[in-house]
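What follows are several structures.
Two complexes, one shared chain (subunit A), two partners (subunit B, subunit C).
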Partner chain A sequence: MRILVDRVRCQNHGQCAISAPTNFELDADGELRYRESFDDEDASDIEDAVDSCPVQAITLDSDG
Partner chain B sequence: MTQQLAVPHLDISSERFRMNSREMRRARADHWYARTDWGIAVLTYEDCKLLLKNPHLTQGSAKWPAHHGVVDGLYDRWWRKTLLVLEGDEHNRIRRLVNPAFSPRRIEPLRPRFRALADSLVDEWVDDGRTEFAGRFAAPYSTRVLCMMLGIDEHDWEEVYQLSSTIGLGIGITIKENIARIDDAVAELTRYAESLVAARRRSPRDDILSALVGARDEDDGRLSDQELINLIILLVFAGIDTTRNQLVLTVASFSEQPDQWEKLAADPDRYAAKAAEEALRVNPIARWVSREAGETFRYRERTIEKGTTIHLLTLSSGTDPAEYDDPDRIDLDADRSPHLAFGGGMHHCLGHFVARADIDVAVSALSTRLTDLRVGEDAEWLPDSGNTGANTLPITFTRRP
Partner chain C sequence: MADGGRTIGVVGSGIAGLRAAKALLTCGVDAEVVIFGDEAHRTYNRPGLTKRPYPPPGAPGTAMAEDLEVAGLDDDALTWRLGTGVDTADLRDKVLHLSTGETFDYDGLVIASGVRARTSTGGSGGSHPRRTLRGLDDAQHIHDELRASGKVTIAGAGFVACELASLAGKYGCEVVMLESPRRGPFRGLLGKRISIALRRWFARHGVTFLPGDPEPSPDRSLFVEAIGSVPNTEWLRGNGLDLSDGVRVDARMRVPGHEDVFAAGDVARYPDPWAAGRLTRIELWKNAIDTGDLAGRSLAASLGRGAGKPRLGYFPNTTSEVFGLRIQVAGNPKASDAAEVVRGDPDHPDRGVLVRFLRGGVAVGVAYLDEGARFNSTYIELLRSLKADPAGAVAAG
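Moving on to the complex of A and B:
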């Protein structure tokens, strides 16, 4: 599974970084940075990030 | 070289201030911000959007009761611990636990119940050709939706509505004179919330309250009992009046654009979500979102001193001609940039998916039943402020065949 963020939709609200700080963070300019791959133990945090994004910009893609 | 015009002053603390005024538009055309009696007001879309997420700014309402001489008591203690005003790790920890309970996954299945409620309320007055929309639709609808989500018996809605309105007085400028009543309402709602939590703990259901109780019980006690109760009070306080007033404003806006109301009625499945967004953009209940500078920083040509209050004006940013074509018009087919009516960043409104779903369902139900919508002259509007709307909204209409 791979994390995909739709960059056109993303408004840099940072809710994903609250839910899953190991994979998402806002940089010094307030822009989202994220890592596409994640460990199994973080899977539920990642799902919470997907749920919590106010613009629903995050999806999980099964190939990868 | 850009021309330097004097920074305008807007009288946002006046009862007569209208964010939709020529004065505001002129100020926005000349400058990105205006001075006010309470800090600065940011006017343009671009600047509101950037500042909403600026890490130098904190939420800034924590000291509201203290500013009005209220320094202890139930309300004050509750307010200082609400998610709304918490910052940093404490905020993020609670937000992380509660966010999933308000996700589309939880809210989408409730839509048929919202719709049945909306239809039954319309049935009560649709044959009369007129109604008082705020009292006979917006208040019961918004309160009963909240009851549904929390699993409160809907028969209790009037009492819940009263408690929420009383606690709402706490963010008004009359807080000091009402504080005894406000404290009583917090006490009563605390008892009520405790009994709800106890009931969910005995027998969980598939509702938001059970999800929150679960977040407390499963995650090594990360949400304390007190935090859970505080949160339930916040949901009742923040979830009802906001939705009630946004429904009022939405109907009022569409009554001025009958062509768009007809378009919505012809295909609500296609247009209802967009209708909610457009109403939030041109006529948002929260006329401004407030922040405070946590430190001194440079922004554009200005140094913003630590402690400065910054109001991000939502209607102004939502109708900024630099961002939107024909900005004051609701246009259900236009491709618009996202409005800022739910704030943004770490403090992005927690309940926005619920609010969006229930406005969307309400306008679907209303538009398919009513046409020739008109707002009576005797509507009682609230002043523009952090929260606006109407106490009463008499409307007339024709029932659709």
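Moving on to the complex of A and C:
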């Protein structure tokens, strides 16, 4: 599974960085940075991040 | 129809109702799950109603209704009854009375009817149409007007009012906000000093503040009231439930006295996991997801399927963006009796300010405002320490 963020949708709300700081963070300008791959042990945090995004910008892609 | 012949009714087609229904199916309940919704639409992303103009810059051709669809709705095991309201419920005989005149017998019930916008007149009233913003149809109308009319007057000072002002700005509208005394932007949540700074930020972005009651302007331009919400519980009257502020439930979202009735989302008032002995009702997207999941699992467990999650492990937090300023709030600042600035200057929130809210000396909430994200990692640390210390929050409660 791979994390995908729709950059047109994303408004840098940073809710994902609260749920799953291992994969998501805001840089000093407030822009989202994220890592696509994640470990199994972080899967529930990642799901939490998907749910937390108020504009549904995050999806999980099964190839990868 | 499932072999068991059992039926479960979910009242409300919002995210809480959908997640409860999905949890029931995931747990493998042997029942037909029917979702009733008085709106004509399947579940959509409600927070998205005020987040950006349509079509959005950079994505021409994107229409709001399609853009806000929630994925994963076409599950054959779910029956949708859209455009169908539940007028009354008889919890003793387990029957719902529908707006179509039909009745619906259930074995299990999930109450997920959400809230509606509060109005100052309790309805239409007055010579000029007042709009409110809760549903997709409301939002479609408001977006169309903003695109066309060039001016909007907004009554209210909370999240929805402020996001709407910012949205109208993106459409290039003239924005007027009506202020009743002591009610600047976010004042009720973040206190006077930050509210005054926010008012300045809004004014700098072209918002005009006028004193006054929620009275429409005489020029007949768009007028929107965003002055809070009212839980949709009238349909449950006559069943002896505590409906004083939404529907009261226990820590597993069960309605006391009714083995087979659960509630979730904006309408549910449940024991606050972070303040012993207190009840809380939270109007946030993630709360609706988590309480919806929990209600579905608890109902499944009562039917002998799956296991109910013991409690919510979630901490309320949200983000809003107004005129380029990110406003993040976690915990319950409203419960505080004092506030301390951790970083930055509350008079200049655009340069970053981080505030901790205390009650009896213990942190109960955090707020972070910034145009960039200078103190974001500190905000997340503070939020985590709030989360890791429910004992502190309990002691403070």
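Methods note: the second predicted complex is superposed on the first by the 64 of 64 C-alpha atoms of A that agree within 3 Å, B and C clash if a C-alpha of one lies under 4 Å from a C-alpha of the other, contacts with A are read in each partner's own complex, and residues count from 1 in each chain.
We adopt the following convention: a residue touches a chain if its C-beta (ideal position, glycine included) is under 8 Å from a C-beta of that chain, and two chains touch if they have at least 3 such contacts.
If you're wondering where the values come from, they're calculated on a predicted model, not measured in any experiment.
After alignment on the shared subunit A, the placement of subunit B and subunit C results in a clash.
Using the contact criterion defined above for the overlaid structures, shared-chain residue A:27 touches subunit C, although it does not reach subunit B. By the document's definition of touching, both partners, subunit B and subunit C, reach A:55. By the document's definition of touching, both partners, subunit B and subunit C, reach A:15.
More residues of subunit A lie in touch with C than with the remaining chain of the pair subunit B and subunit C.
Overlap of the subunit B and subunit C contact sets on subunit A: residues 11-15, 18, 26, 30, 51-52, 54-56. Within the complex, the subunit A residues that touch subunit B are 11-15, 18-19, 26, 30, 48, 51-52, 54-56. Residues of subunit B touching subunit A in their complex: 53-55, 92, 95-96, 99-100, 103-105, 338, 342, 344-346, 348, 352. Touching subunit A in their complex are the following residues of subunit C: 45, 47-48, 51-52, 56, 58-59, 70-71, 285-286, 289-290, 317-319, 321, 326, 328, 330, 370-374, 376-377, 380, 383. Residue ranges of subunit A in contact with subunit C, taken from their complex: 8, 11-15, 17-18, 21, 25-31, 51-52, 54-56, 59.
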